[in-house]
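Multiple structures are listed underneath, in structure tokens.
Across the two complexes that follow, chain A remains constant while its partner is chain B and subsequently chain C.
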Partner chain A sequence: MTTTEHDLEIELDPKPVHDRPLLEVMGLTKHFTVGRGRTRAVVRAVDGLDLTIRRGDTVGIVGESGCGKTTTGRVLAGLESPTGGEIVVDGRQRVDESTRASRRDLRSLRRRIQMIFQDPLASLDPRIPVGESIVEALATQRIGTPQERRARAVALLQRVGLSAAMADRYPAEFSGGQRQRIGIARALAVGPDLVIADEPTSALDVSVRAQVVNLMRDLRDDLGVAFLFISHDMATVRYLCDEVVVMYLGRVMERAPREALFAEPKHPYTQALLAAVPVPDPVREAQRERVVLSGDLPSPVAPPPGCRFSTRCPLATDLCRTTEPELTPLPGGRAAACHYV
Partner chain B sequence: MDASQQMSPEIAVEVRGLSVEFPTANGPARAVTDVSLSVARGERLAIVGESGSGKSVLSLALMGIVGGSGTITGGEVWLQGQDLLALRPEQLRRARGRDIAMVFQDPGTSLNPVISIEAQIVAPLRRHLGLSRAAARERALQLLAETGLPDPARTLAAFPHQLSGGMRQRVMIAMAVACEPTVLLADEPTTALDVTIQAQIVDLLSRLSSERGSAVVFVTHDMGLVARFADRIAVMYAGRIVESGPVLDVFAAPQHPYTRGLLASIPAVDGPLPDRLTQIDGSPPPLTELPAGCAFVDRCPSALPQCSSSQPALTERRPGQVAACWATATIDVSHREAVSA
Partner chain C sequence: MTLHSTETRPPEATAPPAPDATAEVAPAAAAAPTEPSMVRAGVRSFFRNRNNVIACAIMVPLVSIALLSPWLPLGNLTQSNLLASLAPPSLEHPFGTDKLGRDILARTFAGLRISILVGLAAATISLLGGMIIGTLAATLGKRVDAAVSSLVDVLMAFPAVLMAIVIVAVFGPGPVQLIIALGIASMPAAIRLQRSLALSIVSSTYMDAARMANASAWWNVRRHMLPNSVAPMMVVASIYAAEAILAEAALSFLGLGVVPPTPSLGNIIADGQNYLREAWWISTIPGLTIVLLSLSLHFFSDGVREQLDPALRATVMRARKERRWMRRSR
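The block that comes next holds the complex of A and B.
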């Protein structure tokens, strides 16, 4: 791939002089109220989440289906407002868009934090050529003159391995992997500091997935963009991420540098998760002992008292069933929320 | 007829010489070309391959469905001895759900967004199994629990947008297995699921095939899942099956260069981390401009002159394993010992 980042002025703001993390999240909650009358219930989708992302880092979020990963991503991207907690971007408290509807702030936030989804078709307008989609994203952010926008759109498409001629084609004319690269190009167009990628590769075949993952790695190295990578694909997380956050039922169970997490998972839930990853080798698969988590599946409508994982944890004691463990720092830049690590 | 036929396992579904085309501005797009396959009762076949290679179109055709303006331009589909393409619409409707059921690739769009999950799941249960409303509801709750959904009652009452991606996917699976169909088609049934839930779904599908003798055909990009679950694998490229055979043999000694590239692209959850993931560079030719020869030729590391001019046929490489490749047709018998050892 010919690299064209030299003519691509991605960084629009001067780099901040302080060295605070790009994003700090403390005690974030997002609760949904569902049903009405007798069936009214509160779904605690995200329920006290702490997270830190430094500039240029790639952080992975993994965890059970329904544990609140997408909701976290949507709240951080400003697509949904939180019900509680703090979000600090570059040392500055993020204004709550519902109370102080400062349009400029929200627009600047939307520019700095971009989100891409599993299905890139959902975010690309089928009636507009893909180059035009990128131009529109730039226009919304009032970036550049019309000619500059067009040139930048083409440069971005080339950067993700597509040709200039493809700018005039419609989304339906591309394969899944190409569309995902277009989605990435569009997210990058406005010069974000952080791209939240929600299962961006899970609809792709393994070889196309490798293309997209290699691209994300190059972009991080060349442009210094931080990624929050939400995925069920543990092998790709291991390859791509600097740090991995393990969520369960709306909270963080464990956070650790990549190597440490995969080599030595501390939290019993992380251990169960890694043990369940199927290996792409039928001989080894046939011989493997399967650890199946048993016990009651907890609901985000009524999280169990004490540790959220206690209903399925093979090591749970009475303490676990009554007292919720805090996310506690451990040596090696990692942390776990378990009474017994 | 003769003894060998009596001994062969009962065929649940069989496709002979199937071709499907879609009209486009640039001429017909040949999404599926001359595909033949058969699946026995209780057998588990995995279909893998490049994005856009025709996996979904093929699995829909097994249900007698062709999307949009597509047409079946040739071939036959036999479901338990009936010619599916000759059935009248109401016969086809009856067969679907009861004899053959499908988990569609995108649960986001195949669930009706304005109808509650309860209404969507209970209606087919009543129609196909003749259950009362209360009994159908009971059965639905039980099915949802079997797919590992934490609170089946909340899920039933919810609308699709109130569920996470993985929750929607499990609703689709519950609906498809509800009537214990003879043939279950599952198009990427676990992409939105974490590995522990995936293991549970695999158990559910395994029970369906081993206890009820259902044939399971599933499309996936997850080679770990193939290794864990499938008996046989079929690899598609640009609308054709380019290789198929027992999972053990194909993983141990892939015969088509595309299969080799695919298997080499998988990142591992353990062992040393590569600097870059192996990828197959380039992309397949447009389906409107398929070459006279092998469609993989431009990306193939072992291409020979004849590959661009003449289409290789599937030839047997080892009992039950076939591949369509000129370059490897004559070499490579060396792996046989490795596999049987």
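The block that comes next holds the complex of A and C.
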């Protein structure tokens, strides 16, 4: 049967293992200009971000709303061009001027980097049967014959737990969880090395969330695809990610392997973030010490001088309010941007 | 705006309470749908919509009369017969005659043909022009968009009928001039609608997904933008057709459209207005025909809207299911 053949092809597609990181980001910035004339302002959505993703790794980006997580994902996916910094994909620097060469670059980039969107319904064209939406990525990349594309789309749908007959249905006929499975199948269609998942579970019911997260975990383990998992859900990140990057106002506050981060958060912001996650045990919940942040996230138009977190940090000193700390490596393969760790 | 009034209408109000199996997610229906059965399902769901049924009930007889009128035994349309002048409805002349003794039924049928032709052709012109220019404005960058938008704004400042009068004044009266005039007159509104539809599609997440698939601009337009804007555009196009039919009648009434002795619904009404006391039938019959025709187009536009939008269709289904559930629980 053709579908099983393609199933095999998908599963037995081992990603070559190199020491070279799959994606290296250095000093990435993305500034948006808003308003005109007197109301003109620059929003520093991402302001100097460093990130490394190795093959097969799952890196989580966490942070509260407005910290630049989504923008980071969109820039890395190539949906927005960065305003500064370097993005190196597999040893090759990405160029972002809209020249012919960069368009060819972008095309090969899109075979390597794919994206899963936050709102699964909005990410599927309502007028196109979902099978066709998966085929689209293959067709525009001119991969395979129409029959092969179709077979691969069906195989992918089956791989994410849907049936072949569903390929001819429209997005409106599916549930939220099913739609997100389709989104995942589409992202995997071209056989990418890295999938950027922008809050893929935040639009889903809690009951469905676990299924989708488990599916992503299975796919990662089976296919060796690296994931950049953008989320504000600490529980999911803890379950899924090998490494966690904590962002605040467009910058990395702390970066650490999962276990280390959750066991011993170094940066005060990370501590506050983890403290905000409720503990299921009421006795422990009542006993535990909590760092509660006051105030709102400062505006990314005018980030505070010195450490960005100094306005809300319980430990901030005069040094913090004047000098911005660099992301400094710490023992245990982790790093934090704080003067006092 | 006419579009607005149709958009705000609650879909449940027009939805027949019949159950619909096609929208229910039933993974058991594993058999891949074959082409003819899909067509049959489409036809079935088309006629399950009450608006479509009403529209068809009015439109099918009117259109078939219009199409067949040259072959119907209606006698000579323009030959006067002063002996039968202003004859009231009778067996020989079911809708009476006019001052010159011409049969109103025959003239109305012939006028209907011209009205439908003008309405459809004008709506097609504004639909095509609107979709092409609107899409280009939304996709070719800021400068093209600014140029098109300001031109559209200028044209929108003129009432459509006034614009049509200007065009007819320049090119002279006649059905072809009328079609072009009415098509162009309603085009600015069509351009504006298509532009806003296209802009919202450009910024949609599924276009981001298409960008991730490395789709070309032309691919995106053909595959995502046009299919997603055709439903709302069809909805307004059928309203433009109704407006064009009314405008044709108005212009012919004023002597700027179809010129006598060729009959059109508008100039028959104009003929009859001097005899309203003695011969009410002259103006009334074509008048009612216009009402029926434009009414059926409005029903059709509502029906198409509910039909072509899968998301809306799903909403209607859900509302029906909820209503059924409410009834049962009561």
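As a working rule, the second predicted complex is superposed on the first by the 303 of 341 C-alpha atoms of A that agree within 3 Å, B and C clash if a C-alpha of one lies under 4 Å from a C-alpha of the other, contacts with A are read in each partner's own complex, and residues count from 1 in each chain.
Criterion: contacts are C-beta pairs under 8 Å (C-beta built on N, C-alpha and C of every residue); 3 or more make two chains touch, one makes a residue touch a chain.
Small disclaimer: the values here were computed from a predicted structure and weren't measured.
By the document's definition of touching, neither partner reaches A:Tyr340: not chain B, not chain C. When the two structures are aligned on the shared chain, A:Thr39 is found in touch with chain B, with no touch to chain C. In the superposition on chain A, A:Gln114 contacts chain C only, with no contact to chain B.
Which of chain B and chain C touches more residues of chain A: that partner is B. Looking at the shared chain after the overlay, A:Met234 reaches chain B, while chain C stays out of its contact range.
When both complexes are overlaid on chain A, the residue A:Val292 reaches chain B alone and has no touch with chain C. Looking at the shared chain after the overlay, A:Ser175 reaches both chain B and chain C. On chain A, the patch touched by chain B and the patch touched by chain C overlap at residues 118-119, 122, 175.
Those residues of chain C that touch chain A in the complex are listed here as 23, 25, 27, 29-33, 204-206, 208-216, 219, 223-224, 227-228, 309-311, 313-314. Chain A makes touch with chain B in their complex at residues 32, 34-35, 39, 41, 43, 62-66, 70, 118-119, 122, 175-178, 199, 202-211, 213-214, 217, 232, 234-236, 238-239, 262, 272-274, 276-285, 290, 292-293, 297-301.
Interface residues of chain B facing chain A in the complex, by the touch rule stated above, are 48-52, 106, 108, 148-151, 154, 157-158, 162-167, 169-170, 188, 191-200, 203, 221-228, 247-248, 251-252, 261-263, 265-270, 273-274, 276-281, 283-284.
For chain A in complex with chain C, the touching residues are 77-79, 106-107, 110, 114-115, 117-119, 122-128, 133, 136-137, 140-141, 163, 165-166, 168-175, 183, 186-187.
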